[in-house]
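Just passing along the structure, written as structure tokens.
For clarity, chains are labelled A, B, C, D, E, F, G and H in written order, and residue numbers in each chain start from 1.
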Amino acid sequence: MDSFRDLGFARVDTDREARQGAPEAIVAEGKTPEEIRAIAAALIEADAGSVLVTRADAAARAALREVAPEAHEDDRARLAWVARHVPAAKGLVAIVSGGTSDEPVVREAQVRAELLGTNVIVHRDAGVAGLHRLEPALPDLKRADCVVVVAGWDAALASVVGGIVAAPVIAVPTSTGYGATFGGVSALLAMITSCAAGVAVVNIDDGFGAGTIAARIARQSAK
Amino acid sequence: MDSFRDLGFARVDTDREARQGAPEAIVAEGKTPEEIRAIAAALIEADAGSVLVTRADAAARAALREVAPEAHEDDRARLAWVARHVPAAKGLVAIVSGGTSDEPVVREAQVRAELLGTNVIVHRDAGVAGLHRLEPALPDLKRADCVVVVAGWDAALASVVGGIVAAPVIAVPTSTGYGATFGGVSALLAMITSCAAGVAVVNIDDGFGAGTIAARIARQSAK
Amino acid sequence: MDSFRDLGFARVDTDREARQGAPEAIVAEGKTPEEIRAIAAALIEADAGSVLVTRADAAARAALREVAPEAHEDDRARLAWVARHVPAAKGLVAIVSGGTSDEPVVREAQVRAELLGTNVIVHRDAGVAGLHRLEPALPDLKRADCVVVVAGWDAALASVVGGIVAAPVIAVPTSTGYGATFGGVSALLAMITSCAAGVAVVNIDDGFGAGTIAARIARQSAK
Amino acid sequence: MDSFRDLGFARVDTDREARQGAPEAIVAEGKTPEEIRAIAAALIEADAGSVLVTRADAAARAALREVAPEAHEDDRARLAWVARHVPAAKGLVAIVSGGTSDEPVVREAQVRAELLGTNVIVHRDAGVAGLHRLEPALPDLKRADCVVVVAGWDAALASVVGGIVAAPVIAVPTSTGYGATFGGVSALLAMITSCAAGVAVVNIDDGFGAGTIAARIARQSAK
Amino acid sequence: MDSFRDLGFARVDTDREARQGAPEAIVAEGKTPEEIRAIAAALIEADAGSVLVTRADAAARAALREVAPEAHEDDRARLAWVARHVPAAKGLVAIVSGGTSDEPVVREAQVRAELLGTNVIVHRDAGVAGLHRLEPALPDLKRADCVVVVAGWDAALASVVGGIVAAPVIAVPTSTGYGATFGGVSALLAMITSCAAGVAVVNIDDGFGAGTIAARIARQSAK
Amino acid sequence: MDSFRDLGFARVDTDREARQGAPEAIVAEGKTPEEIRAIAAALIEADAGSVLVTRADAAARAALREVAPEAHEDDRARLAWVARHVPAAKGLVAIVSGGTSDEPVVREAQVRAELLGTNVIVHRDAGVAGLHRLEPALPDLKRADCVVVVAGWDAALASVVGGIVAAPVIAVPTSTGYGATFGGVSALLAMITSCAAGVAVVNIDDGFGAGTIAARIARQSAK
Amino acid sequence: MDSFRDLGFARVDTDREARQGAPEAIVAEGKTPEEIRAIAAALIEADAGSVLVTRADAAARAALREVAPEAHEDDRARLAWVARHVPAAKGLVAIVSGGTSDEPVVREAQVRAELLGTNVIVHRDAGVAGLHRLEPALPDLKRADCVVVVAGWDAALASVVGGIVAAPVIAVPTSTGYGATFGGVSALLAMITSCAAGVAVVNIDDGFGAGTIAARIARQSAK
Amino acid sequence: MDSFRDLGFARVDTDREARQGAPEAIVAEGKTPEEIRAIAAALIEADAGSVLVTRADAAARAALREVAPEAHEDDRARLAWVARHVPAAKGLVAIVSGGTSDEPVVREAQVRAELLGTNVIVHRDAGVAGLHRLEPALPDLKRADCVVVVAGWDAALASVVGGIVAAPVIAVPTSTGYGATFGGVSALLAMITSCAAGVAVVNIDDGFGAGTIAARIARQSAK
């Protein structure tokens, strides 16, 4: 019963870092700034690890800064966070994105992975419409312990990378695009049916989830 | 013909409480404040029981207050209501939610159930990502006459609770989440295909419907 | 750890009747006759209550008979079952169906509810295309502790019944029909968006689930 | 080549009334006010019958008034129109709606049908959650040459009416409701799979289309 | 209570012809031959009009012949029927189909419409891929009281016809085609969003429904 | 009126080759062997060009051979055809497929294109899971007048090829794969949202359609 | 490695025009004005051909003008572009649209095709609801090297045109319409299942893609 | 060019094991036995590692045995395989399934993972409807380097496990269940929207893909 803090409107899982090596995060959407502030305060007070607020508008990010003035913010990625007791970085996650518009999701994955204690390297805008742009990324992709592919539209990049590297590949469909992209559904379907074996997929725009599993893989793989 | 009031734009079912033990409510979306005010006035004049306005923005809530200054309001839950001739509370409904963002739906269910004359107890933010948070709720869940599970995302909480309690379980999918939650569709599908028998489901975000059937079950089950 | 039997391919939940008042059932689809026979034997040996095999073809039903020669069978409903320690019937469930083709689902609900110890009365083929056919059923629907509506196509019967009775209504969409019925999806959507409050829905063709929750409601409601 | 006016951005079908007894209308969405004004002017100049602008915001409605100051407007229904050479009314269309929120669609159907020269009678808010509210409408529904049912949510009203009247029934699903109503999809599916024969369906929220076919049926049916 | 015959498994709506001018029909799918035979016998005994069995395999058709040896059969259209007291034909229904594969649906519509007492003329295989093939049909389409368009694939024929004729158009999407036709869904969507006003749609492959409403329109329109 | 042959059940578009340079073909599914034979005979008698029967089982193929004993057959691709007055081949179509299972669609495209008078070269099984397998195909892909990409699963090959070649690319999604491939839907969505510009898509498994447009492009492009 | 410019947030494919005859374009949605400006500057600096910004709001268009004051803008079509080294026009693309609301997509296709060096002629608002409006366009459609059909709603125009012309047809579904048009999905499905062979489809509202492939076809076809 | 074998109908990727540490496998569906035999022979001849045929009926499995009489077979899992040069097992994969019907997918994952050289332990039938059945599995789940969750229906097990373990979780939705399970779609959606971070998902029924990525994770994680 000590493993969570009951705020009435929230039961903050202060045990998660101890239990699973990764602290609970706060999805801001659907929560009031007051709730975000209180949850963040509870996590800090319980010394439950880093605090990360995702999908956070300005008010949500300000709520974190009220209880942690040292908090970092990223407007483009709609993030705010406080790094606390981040373990020494182990392992390498390589993130590769299909296009410039995937950037918010790339950063969410990067911040989360770094907070969990892993090294991250990013290659942006390497979509298959110009496959030669992927080449400079290949050495990093091949030496990484885990590769994260972030792509919208047809998400073909996931299959191309999945057919090259020997490391586990985590694919993140994004909601970039219009028309029959259906807010990321087409990318999700393409990634989940990838003809390359060894690719697993997280939710649309879920950089947070990708960063979590990628960091776990990379840390435990590091020599 | 006495069983409804014809306002031209609406045929107010003033008979519903007498017929079914639960008065008609007013979904504010799609109605003008004038219409809401007139329907509320007709229900009050016909002494047709409590008046509840759901999915109500500020203007809609103000419309109720014009004809019933004593009306209660809940901005977060987008509710306004007047309690009238509420029967003595019988039975117990236990509501458990998966996360803080499910709060508006929780409250809609709670208000509706209480207006129908039943006791309600709520446990919030007990999602399965930290299952130990569910434990303090178990005694209440086990002694309730009906359990309402309110959850978005993957809605796994409905199945977990449905595998534990002996009471009927009413599941309410919510539209919380992003990406492949599809506005509550994934939660709805998970709940309706729950591997736990004895779970029945209402519409996405439909706290009102859940409160209605839960109160009926609890009242008729009370010793 | 005594609460289930581990058969290697199955962990039979022998505790479910004690825990939740309703024993585990066996969905035959996807299991071999050998597996069904072994699971049934384990349930009988553990004295875990009645044994019900659903969605059972001839081979699956024969498997039950091998370990319980007294088992009942229903070819139309694809059921086989052995009644064991059925509690004295309490409460009344009224089932009403939209058409003749819904019969297999009706029977699955009826058998399950009776095995759980409640009285069941059935009115068949009362769909709204000829609403006068519903009238003879009304007295039973109004006196029941729980009403189960089984309907395919547009499933309008659920809303009509839901607008009449004061008891909780459990709606079962069926896969009857063709074209845009989409195997029961249209019925499911109509039931889940019913304009009548107090209706909750189970999976398409899930007579078993409906019988489970209906019996729970009826038994605890019985005077 | 005289049968349409080529404005460059539009080829106005000035022949439609002569050819099909019903003039072309203008869907305002996606058109600029300038385009609406020019199309309306061309229709008036060609004496091509009444001019009806649907789904029209204030600017779109003002555009019609510029070329036809006598134009009528309906803010709730987002309509503007000029009646021109409306034939003497023949036949009777009865419109019945499920709820108050269906009103914009009801009015669109009514205005269109009246402009085509038929009598229209409307019964509002007769949804099946309180079926007794339908009774006062029955005499009109039974004597009409065509019945139009306008309903959202589960749209069960279409089947109930379709099981009662002998006239052709045109069903209009509306986008009222929330959650699994999916913007009218559930209503559309319920109507198109109606268990009552003799019901045909138009697009979601398409009062215009319903008014068109209903008027055609009613006029040719009139004695 | 005299208005239906209760067979236990079915409540045969023997009143429908008197009430709505069109007798109940029997959808064979989901019913046993015994049930079909008994329902047919009840309809005949009650002198409830013609008996029509749709979606009937050989066994279902044989069931009708047992109680009505004079019954007609159509293997391609999966129909069996007995004509009884068919009213003198009034009005004209013109059916036009997009392709040869739509034939079963065409015939179902034709048989139903003729049994209800209207004249039917059919033009087959006039799809828009070769629009000149539609020309010979135009005089009939223009003089008909109601036009039924039966088409699968993209169902463009409905819009083309709907832009030409002044009579009401009933569109029947069919499940012909493969790939993204999705069993008739694409045809249904194209018809329901037809850019031609005055088109209303019935269920996929529902020749029966189309025949019903078309006959009603044609009979009441006949001079 | 000479431009088609009216067989009653079919209006054979004997004019299509003259009008559009590509004769009508016969989709066998949904047609009886008798109908196929009669349509084929009419096409031959009218000297309307080559006759191609697609999606043809053994009976359908035999029907063609009855009227044209010289007909070719392809069991794997479910094709039968008679080449008649095939124009001298002009231009080059290069077909590249993602996997061995796409073969039936590849052949349908090839046969159709060759019958229309173009040269076809095929590279099979070059899916991106092993992108180096695409390299030997590149010279042909780059010199072709039109490239056809046939792929199922995630269909990433279309984007890769679309990012390399300068010729128009026609993409054919296939129904190969299982699970979330949804019978070709995921491939269709990936192709239609391809991040490579200049890719256009035909129906799932529609080798015929791809062969038609590719041949047209190649023939008119040939120097 | 000279074939792209790495800006960190983007790898600008400066080689695309050389490689594929059509330069990379910039989809503005999801990019900041700063990113757009930098990408445009890189393309200009690398002399990589014309620069086209699509789906561009005012800020995005202003970003282009900052680096290229001579840029053209089109507010309705949400475009901005700079023509650079446009090849002498070869071949003819004919664009035909279904309605006035399709205009933004028409213009996007036209601008792209002209920038790639082909002649374009446009016929607007020729939807099949008034098919006679298509007639004046027929000579142009028949003489074009490639026909682009832009249509929303039921998109029947694609099939009608596809059944007439001998040139390749590229179909662009648009998101015009409401209700069951589902943002262009119904149009997409109708076009992809077109009963006319030789039609290939691009993404919803993707005038850019249509212009790209159409220009390629037209240029290589020109005599 | 030595990195694959071109059989004409297939380009066998003989390089994959060397390149990615996991050899190409053969999906039998859509391939003839002759093709399977030839591909298997090529892989063996090239000494390209183990050969695994998935989704293989009896004929497909026999094809492998012809070229490799020592091949193993699993009828339930529709597998056939030859183990060749399997590396010494490193790391531990724990597989946990929701029910007995998930067995074929469990085995496919197990065989694949073992062939890639990792240790596998399986816990079956631990679905959340009886959560206590999961407890005996917990020690293994917690010590594993990667956890694979195989579940159908609502797939709630993935979230429960995902909230407990610290290792990466790979979730495999299965097509078990009926009604609104939609062939595994509901399970897929629940898993991809899991409220537990660190869960990534593969295709429905894709034990092969799960085994591939799980083995990669486990092998590189092993101390």
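We take it that a contact is a pair of C-beta atoms (placed from the backbone, for glycine too) under 8 Å apart; a residue touches a chain by one contact, two chains touch by 3 or more.
These are the chains along with the protein names UniProt gives them: A, B, C, D, E, F, G, H = Nickel pincer cofactor biosynthesis protein LarB.
Every value quoted in this text rests on a predicted model; they were computed, and no experiment measured them.
S.K.: Per the definition at the top, count C-beta pairs in contact and tell me whether F-G or C-E has more.
M.R.: F-G
S.K.: Compare the contact pairs of C-D with those of each option in E-F, F-H or E-G, and report the one where over half match by residue number.
M.R.: E-G
S.K.: For subunit A and subunit B, let me know how many angstrom lie between their CA-based centres, rounded off.
M.R.: It comes to 35 Å between the two C-alpha centres.
S.K.: Quick check: how many Å separate the C-alpha centres of subunit A and subunit H?
M.R.: From the centre of subunit A to the centre of subunit H is 26 Å.
S.K.: Could you work out how far the Cα centre of subunit A sits from that of subunit F, in whole Å?
M.R.: 43
S.K.: Note the residues in subunit C that touch 2 or more other chains, in rising order.
M.R.: 99, 129-130, 163-164, 179-181, 185, 188, 192-193, 197, 203
S.K.: Okay, in this complex, where on subunit F does subunit H touch?
M.R.: It comes out as residues 76, 99-103, 124-126, 129-130, 132-133, 135-136, 176, 178-181.
S.K.: In the complex of these two chains, what residues of subunit B are touching subunit D?
M.R.: 1, 3-4, 6, 8-11, 13, 15-16, 24, 27, 29-32, 35, 39, 55, 173, 175, 183-185, 188, 203-206
S.K.: Which subunit F residues qualify as touching subunit A in the complex?
M.R.: Answer in residue numbers: 98-99, 127-131, 153-156, 158-160, 162-164, 177, 179-182, 185-187, 189-197.
S.K.: For a test of understanding, state which residues of subunit F touch subunit G in their complex under the given definition.
M.R.: Result: residues 19-22, 25, 145, 163-170, 188, 192-193, 197-203, 208-210, 212-213, 216-217, 220-221 of subunit F touch subunit G.
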